[in-house]
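Labels A, B, C, D, E and F are assigned to the chains in the order they are written; within every chain, residues are numbered from 1.
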Amino acid sequence: MSFTDPWLDSALIAAALREDIGRGDITTLACVLAGTQARARIVARRSCVVAGLPIVAEVMRQVDPAIVVETLVAEGALVADDTPLATLAGPARGILTGERVALNFLGRLSGIATQTHWCVQATGGKARIVDTRKTTPGLRALEKYAVRMGGGRNHRFGLDDGVLIKDNHIIASGGVARAVANARASVHHLARVEIECDTLAQVREALDAGADAILLDNMDLSSTLPEAVAIIRQARPATIIEASGNIGTDPQRIARVASSGVDLISIGALTHSAPTVDVGLDFNPR
Amino acid sequence: MSFTDPWLDSALIAAALREDIGRGDITTLACVLAGTQARARIVARRSCVVAGLPIVAEVMRQVDPAIVVETLVAEGALVADDTPLATLAGPARGILTGERVALNFLGRLSGIATQTHWCVQATGGKARIVDTRKTTPGLRALEKYAVRMGGGRNHRFGLDDGVLIKDNHIIASGGVARAVANARASVHHLARVEIECDTLAQVREALDAGADAILLDNMDLSSTLPEAVAIIRQARPATIIEASGNIGTDPQRIARVASSGVDLISIGALTHSAPTVDVGLDFNPR
Amino acid sequence: MSFTDPWLDSALIAAALREDIGRGDITTLACVLAGTQARARIVARRSCVVAGLPIVAEVMRQVDPAIVVETLVAEGALVADDTPLATLAGPARGILTGERVALNFLGRLSGIATQTHWCVQATGGKARIVDTRKTTPGLRALEKYAVRMGGGRNHRFGLDDGVLIKDNHIIASGGVARAVANARASVHHLARVEIECDTLAQVREALDAGADAILLDNMDLSSTLPEAVAIIRQARPATIIEASGNIGTDPQRIARVASSGVDLISIGALTHSAPTVDVGLDFNPR
Amino acid sequence: MSFTDPWLDSALIAAALREDIGRGDITTLACVLAGTQARARIVARRSCVVAGLPIVAEVMRQVDPAIVVETLVAEGALVADDTPLATLAGPARGILTGERVALNFLGRLSGIATQTHWCVQATGGKARIVDTRKTTPGLRALEKYAVRMGGGRNHRFGLDDGVLIKDNHIIASGGVARAVANARASVHHLARVEIECDTLAQVREALDAGADAILLDNMDLSSTLPEAVAIIRQARPATIIEASGNIGTDPQRIARVASSGVDLISIGALTHSAPTVDVGLDFNPR
Amino acid sequence: MSFTDPWLDSALIAAALREDIGRGDITTLACVLAGTQARARIVARRSCVVAGLPIVAEVMRQVDPAIVVETLVAEGALVADDTPLATLAGPARGILTGERVALNFLGRLSGIATQTHWCVQATGGKARIVDTRKTTPGLRALEKYAVRMGGGRNHRFGLDDGVLIKDNHIIASGGVARAVANARASVHHLARVEIECDTLAQVREALDAGADAILLDNMDLSSTLPEAVAIIRQARPATIIEASGNIGTDPQRIARVASSGVDLISIGALTHSAPTVDVGLDFNPR
Amino acid sequence: MSFTDPWLDSALIAAALREDIGRGDITTLACVLAGTQARARIVARRSCVVAGLPIVAEVMRQVDPAIVVETLVAEGALVADDTPLATLAGPARGILTGERVALNFLGRLSGIATQTHWCVQATGGKARIVDTRKTTPGLRALEKYAVRMGGGRNHRFGLDDGVLIKDNHIIASGGVARAVANARASVHHLARVEIECDTLAQVREALDAGADAILLDNMDLSSTLPEAVAIIRQARPATIIEASGNIGTDPQRIARVASSGVDLISIGALTHSAPTVDVGLDFNPR
C-alpha cells in the first residue's frame, strides 16, 4: 500500500493482475510481437463521475513500467458520454495484457462514485451521504475512496475504528443502557459511541445512556423518523443522528430523509449494488 | 485454497475478515461477554438463487471454530422471499464479528446466481449463457462459481487458459489471418483458438484462417448476426459460435440471440452489475 | 491472528519461531532422541504481574501440538518470587526448541504488565494510566494487551483509529483552530478530536476550537498543569484531559499528576523501557 | 531484506509502518495539505551511542520516496545530549506519518548500543562482550546489529548456526559426554560444540568430552569461576571460555568477570532490558 | 513475477537467495571490504544450449542493483566448451554473494535446454518434442521456458489449462466414452479433450467418443504404435496424436517414434533428469 | 515448516500444489464424481533408496485430509525393483489431483538418496560423503535431507552457518592469510573457518594462518592431493580436510580420494544431477 494514499494498494492491484494473467497472457504473447509500440485511449462510454484513474496508472505500471499513462480529466469529475479519460502509450503487449484489470477497477469505482453523486445531489445539502460496511470483500478502501470522489463521506472503515452498537449487540448484551455503558468502559477515549435504535423507546433509552450518536434504522419516513429526530434534538441536541434502512438510491426518498433533520444518511447500495460504468479502451498501434 | 474445490479460497476469506475486523471488533468485545452463546438464522429477504453458503460456513469457522453452521437449502436452489438459508449456533461474539463479511459474500454471490438464472431461463435452452472476465478484482473464482450455481457456464478463467483474439489483438498483430496463425503456432495443442469478429468480412477471414471458434461482437441482432451464423454454419459447421456485446440481461434480447443459432452468449453484466441480494441475520442469544 | 482475541497473533509467533529456529535447532536435534518425553515448569524468578501465558501455550502448540501446557495462575495475577506459572508436558525436543521464544515473550509482556501495575497503583484511582504509540515495532497489540493486564487502559492503537493533533501537526496546518476544524471536517463522525497543547494559550485556542480532548504535554506539574486543568474544567467541563511528558514511572510524579484532575496519564515508558521479568524453565525428562 | 546488509530488513520496516498506520494516518491527512513541504531534524535528547539511522532513512523512503534524509553523525558514534543526528526534508505529510516508527526503531537500537558500549568499556579490553538469544521477537538481526554498533560482538544468531548444549539438553540427553558426542556426530564439520557447565565436575567432563567451548553459567565470581578457568586453561588451553548469568550490566561485576580470564561475557540485558534513548523530531515546515 | 514475461519470477529468485543467504553471507562480509569493486565472467565449461541469463541478471540485481550484467550470447544459443556467457561488474561482495544461486539456475536451465535440443535434433523435424508435468516443484515455468529455448514446445502448464484424461481417470470415471463425455460437458469451449490410450481397443473407443487428441502411452514402437497411428489417421485424420512412455532421450528411439507419424512426443526426462551444465564464474577484483 | 522436522516444509508443498493445480484440476473435476472412493499404491519401478514418503503423506493431506497414507517401507531403505512403498485410500479426486506433485517429490528425493548411497558405498568407510550448495533453488533442505537418507552427511546449509573461503574470496580479500584473519575476527566463536586451496603453496599459507579446515579443490588425485594431505597431517593433524572438484559420482574416483586420507568428499552431483527414480501410482477405485 501507499502509506500516504492508503487506498492506493499496490498489493491488491498485483493480486488482481495475477488473478487475470495467471501463467501468462497466451493470446497477446502469441499474436503481438515483443517490440510493438501502441497508443490507446480509455473512454467513458456513458456519463459518469470518474474514479479510479490512479488505479489504471498503477495497473499499467505494474504490467510494464514503460507504459506512459496521462489522465485527461480529474478524479471526481462528472463527464459526459464518450469522454476520453486517459491516454496510454508504450509497449502494445503490456497495454493489452493490463486492459481488462484496469477497466474492471475503473468501471466499478466510477459506478460507485456516480451513484454516490446522484444521492448527494438528492439531499439538497441537508444531510451527509455516507457509506456502510456493505462493500466488496477486499475492495473496501477503494470503494470508500470512490464514495468520497462522488461527494459522499465515509462511515467507519471497519469494526475497529468506531463503535456502532447494532440490534444484535443490544440483544446479546442485555439492553441499550448496558451496551452503551460497556462500550464506554472499554474503548479508548477518542471513540464516540453510536447505537442503532429501531423504536422510539430505544431512542429514549439511548439518550438516557448518553450515546454520542444514534442510528435510526428502518423507521417510517413520515411518522417515526421525524418524531425520533425531534425527541433527540430536544433532549440532547449535540447527539449525532444517522438514518439508514429502506432508503436505497431513490432521490425522492433520500430528499425526504434529508429533510427530516438527520445529520447522516447511510446507504449500503452505494457500494453493494452500483452498476458498473461502461468504460472501454480504444487501441491504435503505431 | 481448497485444492479440490478451488473456488473455496480460505485465504481470500481470511483477507476479507482482516479487512473488516482490523485490530478487533471493539463493539462486540465491549458489549458481549466472552462466554455468551447464541443462535442465529441467515434469511434471504427476497427470492433468489442461493450461492455462497459454504463461504458463510468458512467465514464462521475462521472467526471461531466453535460456531456450528447448518445449511437449510442447497446451493443453487431458487428460494422464495424470507426463506431461512442456514442456522448458526455458538459463541455470540464470533457470530456478530463474522456476520457482515458472511452476508457480504452471500448477498453478492446470490445476486450473480440469480441474475444468471433468469438469463439462462430466457434462452429457452437454445444457447449457453457464459460469463466474461468482467469480474470483481479478487473474486473471479467465486463469481464464476456463482454463475455455475445459477445454471450458467464459464468462459475461460483468465488470460492463460484460453486463446481469445480480440479486436485490439487483430490490430496489433496485423490482421485476422496472421493473428490466428501466430496463436496456433505458439500455444499448446490442447487450446482452441477463438477470434472476435465485428464484420462479416472478418468472419470470412476467420473461417479461412481456420479459427476453432468465432465471437460475433456487437452485431445487429436482426441482420448481421444471423447472417454471420449462416455463413459459418455453411463453411465450417463445427466452428463454435459465441455472441456478445449489447446484449445485457434483457430476456427478450437474450431470447432473440439464442434463437439465432449461436452456441454461446457471453454477458458481462452477469458479474459486473448484478444487484446484491438482501440477506440478513436474525439473532437470538440463549 | 485470532479474530476474537486479536492480540493473540499466531503469525507473529510463527515469525518469532522462524527467527530463532532458522533451518532447525541443531543442538536439540543432535542431543535429544526423537521420542524423549519431558515435563517442565515455567517459573517467575521475581515478583511480577503475569502476562503472556496464552502466548507460551501458542508457541508450544506451534512447535509441537503434542506438548500440553497447563497454566497455574491467571493472566494479570500479581505473583511472588519463584512462583510456578505453568507446566509443560510432552516431547522433550519441542519443549527445548520453543523454550527461548516462549520466555522472551513472557518476560517482556510480564515486564510491561508489572510496570503498568505499579503506575496504576500510584494514581490512587484518581486517573487512568494509558499507553502510547512508543511500542516495540511489530509487538504493539501484544504490548497494549500487557498494559491492560497490568490494570492500565489503552490509548488509540494506531494512526487510523483516533485523531491526535500533535505539535508538529499544528505547525504544519497553520494553527490550533485550523487543525481542529480540518480534522472535524475530514474524519468520520465516530471519532473524537484531541489536540496536544504545550501552553495555556494553546489550551484556550483548543477550547475555542471545540476540541473533544486536550493533551497537556510536558507542563510544569506545580503551576501550568493545574492551571490548564482549571481553565478547561471551567470553560468546557466535559473535555477529556490527558497529561503526558516528563512523567515516567516515578510513583510520586504520577501521584501528583493524578491529583491535578486530569482524566488520563499517558506514559511511553510503560512499553518502551519496561525491564524484562526474569522467567525460567525448569526441566525434568521422564 | 537487503542481501548484502542483512540486518536492514525492509519487510520488517514495512510491517512496522503498517502496524502504526493501519488504514491511514487520519490526523495528518486531515490537518496537513497534500503539497506541504517541511524540514525536520532528528535529535538525541540524551548522550548515547547512535544506532539505527539507516532504518530511519528506510522508514522515510517507504513512507514517501521524496523525503531526503541526511545523516549528521556516523552509526556507532557516541554523542552528547541534544545532538542532531539527521535532517529530513520533503513532503510534510510523509515526515509526520513516519515519525513515530522511525523514532521507535532509533530509540530502541541506540539504547542497546549505548548499554553495550558501557559494558564493553567496563571490560578494560580483557574479554569480549557478546549478546544472547534474549532479544525482542522479530528484531533479533537489528538488535544484534545494535550490539555491534556499541562495540560488542555477537553470539550465534539462532538455534541453527551454532551448537550450545545447555543444562536442559544435558538432562535430556543423559549427561555431558553423551551430549557432546551426539552433537559432534550430527552437525556439519564447520560448527564448534559449546556446552554450558554449572559445576567444576561438569567442566572436567566437558574437557574430557572434547568440547570446543565451555560456558560457565552462574558461577560464583570469587571462587568457582576463576577455578574453572584455571582448570580449563591447564587441561586444554585453546578451549573457548564464555561466562554468563548473574552478571547484568553492572560495570564492576563485568570488570571482575573480565579479569578472571574468560574469553567472552554474554549478557542478556544488553538486548532484553536496555532503556530506550530519548530521541525526538524537531519540525519546521517551509 | 513479470506480467509480460511470466517465467521471469522475481519472487522465486528472491526465495532462492533467501534460502542460500539466510541471515547473511558471513564469509563474504568478513573477507571482502564493503567498497571493493570487481569484474567477473560467467563461462560455460562445456558445450550447451544456453538458458537462464535473464535469471542471472535478476539474481544480481536483487543482490545489489549496482552490479551491471552484460550478456555475451543470446538465450537459446548453442555454444562450445569454455564460452563466456556474460560479464558482471560492480561491488565484489554482491557478485560473490549471488554467485551460487545464479549458477544453480543457469546450470539447471541450460541442462534442460541442451537435452531438449538434442531430442529435437533427433526427430528430423518429423514431430514436436514437448515436455510433461514431471518438473521440479516450484520451477515449472522456468523449466518449460528452458524447453522452449532448446527448441521444444510446451504441453499444458498445469492441471487447469488443458484436459488430459489419463489411465486412472478412465478407471475412476467408468470408461473412455464416459470420461470424454464428462470432460466435454464440463470444461469451457476453448479446451480440447485429450485421452491417454494404452491399447488399440481404447484408441477405437476414444475415436468413437470424439476425443480431440489421443496420447499413445507406452506402446510397442515396432507394432502397436504405428498401428494405432494408422487407425487414427484413417478414422479421424485431424485428431492430434501424442506418444509418450519408455522413450527417454535416446536419439534412435526418438527418431523411430517421430517416423511413426505422431504429432508430438512428450518426454519427462527433458526436465526431471537433465544433467546440469557446468557453468562457472571467473573473478577479477579491480 | 515443521519446527521439529525443519525439512518438512508444508508451505513449499502447498506452493508446489498451487503450481500444478492452478485454478483447479479440470480433468478430475469433470471425469470423477465427487463421492468416489479409491485405493492406490505407490510403487518404485526401479531399485532405489527411498526418500520422501513423509512428503507424499503431506501432499495428500493438503489435497484432502480424508486421504489415508500408509507407508510400507522405512525412509532410507534400499528397495528392489517394483517395490510398493505406500498405500493411499480415500477420495479418488484428491488422490488423482495430488498424484503428480507427490511423485515429483518422491522421484527426485529418492534419486538423490540413491546416488548418495552408491557414493557412500564407494568410500569403503574411509571418508564422509557430503553435499554442496549446488542444490535446486527452493529445495535445499529437502535435498540435504535426501542426502542424509542415502547415508551422506551435510555440508553447511547456507552462506550464514559456516565459513568457507573460496578462491574468489581469497582474490577479493588480498590473500589467504588476510582472508582467514578477517573471517576469524568477524564471525562468532562457534564457527570454524575453512578455506579452499588449489595449490600446495596455498595449503601451506592456510596452515600458517590457522585455518580450521582446508578444502583441496580440483587437485590431481595421484600426486597433489596425497601430498597436500601429508603436509597438513604433519603440520597440524587436527585440521579437517575436504576434497572436491572433478570427482563426480564415479565409484573408482571416489575410492581413490577416500583412500588419500581426507575427512570429507563433497560432491555437487549428489544433488544437481541425480537422475530421478521412476515411481508410479497404481490406482483402483472401489
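By definition in this document, a residue touches a chain if its C-beta (ideal position, glycine included) is under 8 Å from a C-beta of that chain, and two chains touch if they have at least 3 such contacts.
Since the model is a prediction, treat every value here as computed from it, not as a measurement.
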### Query
Hey, what chains does subunit B share as contacts with subunit F?
A, C, D, E
### Query
Looking at subunit D with subunit F, do both copies bring the same residues to the contact (over half shared) or different ones?
same
### Query
Taking each chain's centre as the mean of its Cα atoms, which chain lies farthest from subunit E?
C
#### Entry: Greatest separation from subunit B - chain, by CA centre
D
### Query
Cα centroid separation between subunit A and subunit E, in whole Å?
46
### Query
From the C-alpha centre of subunit A to that of subunit F, how far is it in Å?
54
### Task
Report, in whole Å, the distance between the mean C-alpha point of subunit C and the mean C-alpha point of subunit D.
22
### Numbers and ranges of subunit B residues touching at least 2 other chains
21-25, 29, 97, 157-158, 160-161, 163-164, 191
### Partner subunit F, residues of subunit B touching it in the complex
1, 3-4, 6-7, 141, 157-158, 161
### Query
In the complex of these two chains, what residues of subunit F are touching subunit A?
22-23
### Query
Can you name the residues of subunit F that touch subunit B in the complex?
17-18, 21-25, 29, 62-64, 91, 93-94, 97-98
### Message
Taking the touch rule as given, give the residues of subunit C at its contact with subunit A in the complex, in rising order.
### Response
6, 130, 153-157, 160-164, 188-192, 194, 212-213, 240, 242, 263-264
### Task
Under the touch definition given earlier, write down the residues of subunit B that touch subunit A in their complex.
12-13, 15-16, 19-33, 36, 38, 40, 92, 96-97, 99-101, 103-105, 107-108, 111, 133-140, 157-161, 163-173, 178-179, 182-183, 185-187, 191, 272-273, 275-276, 281, 283-285
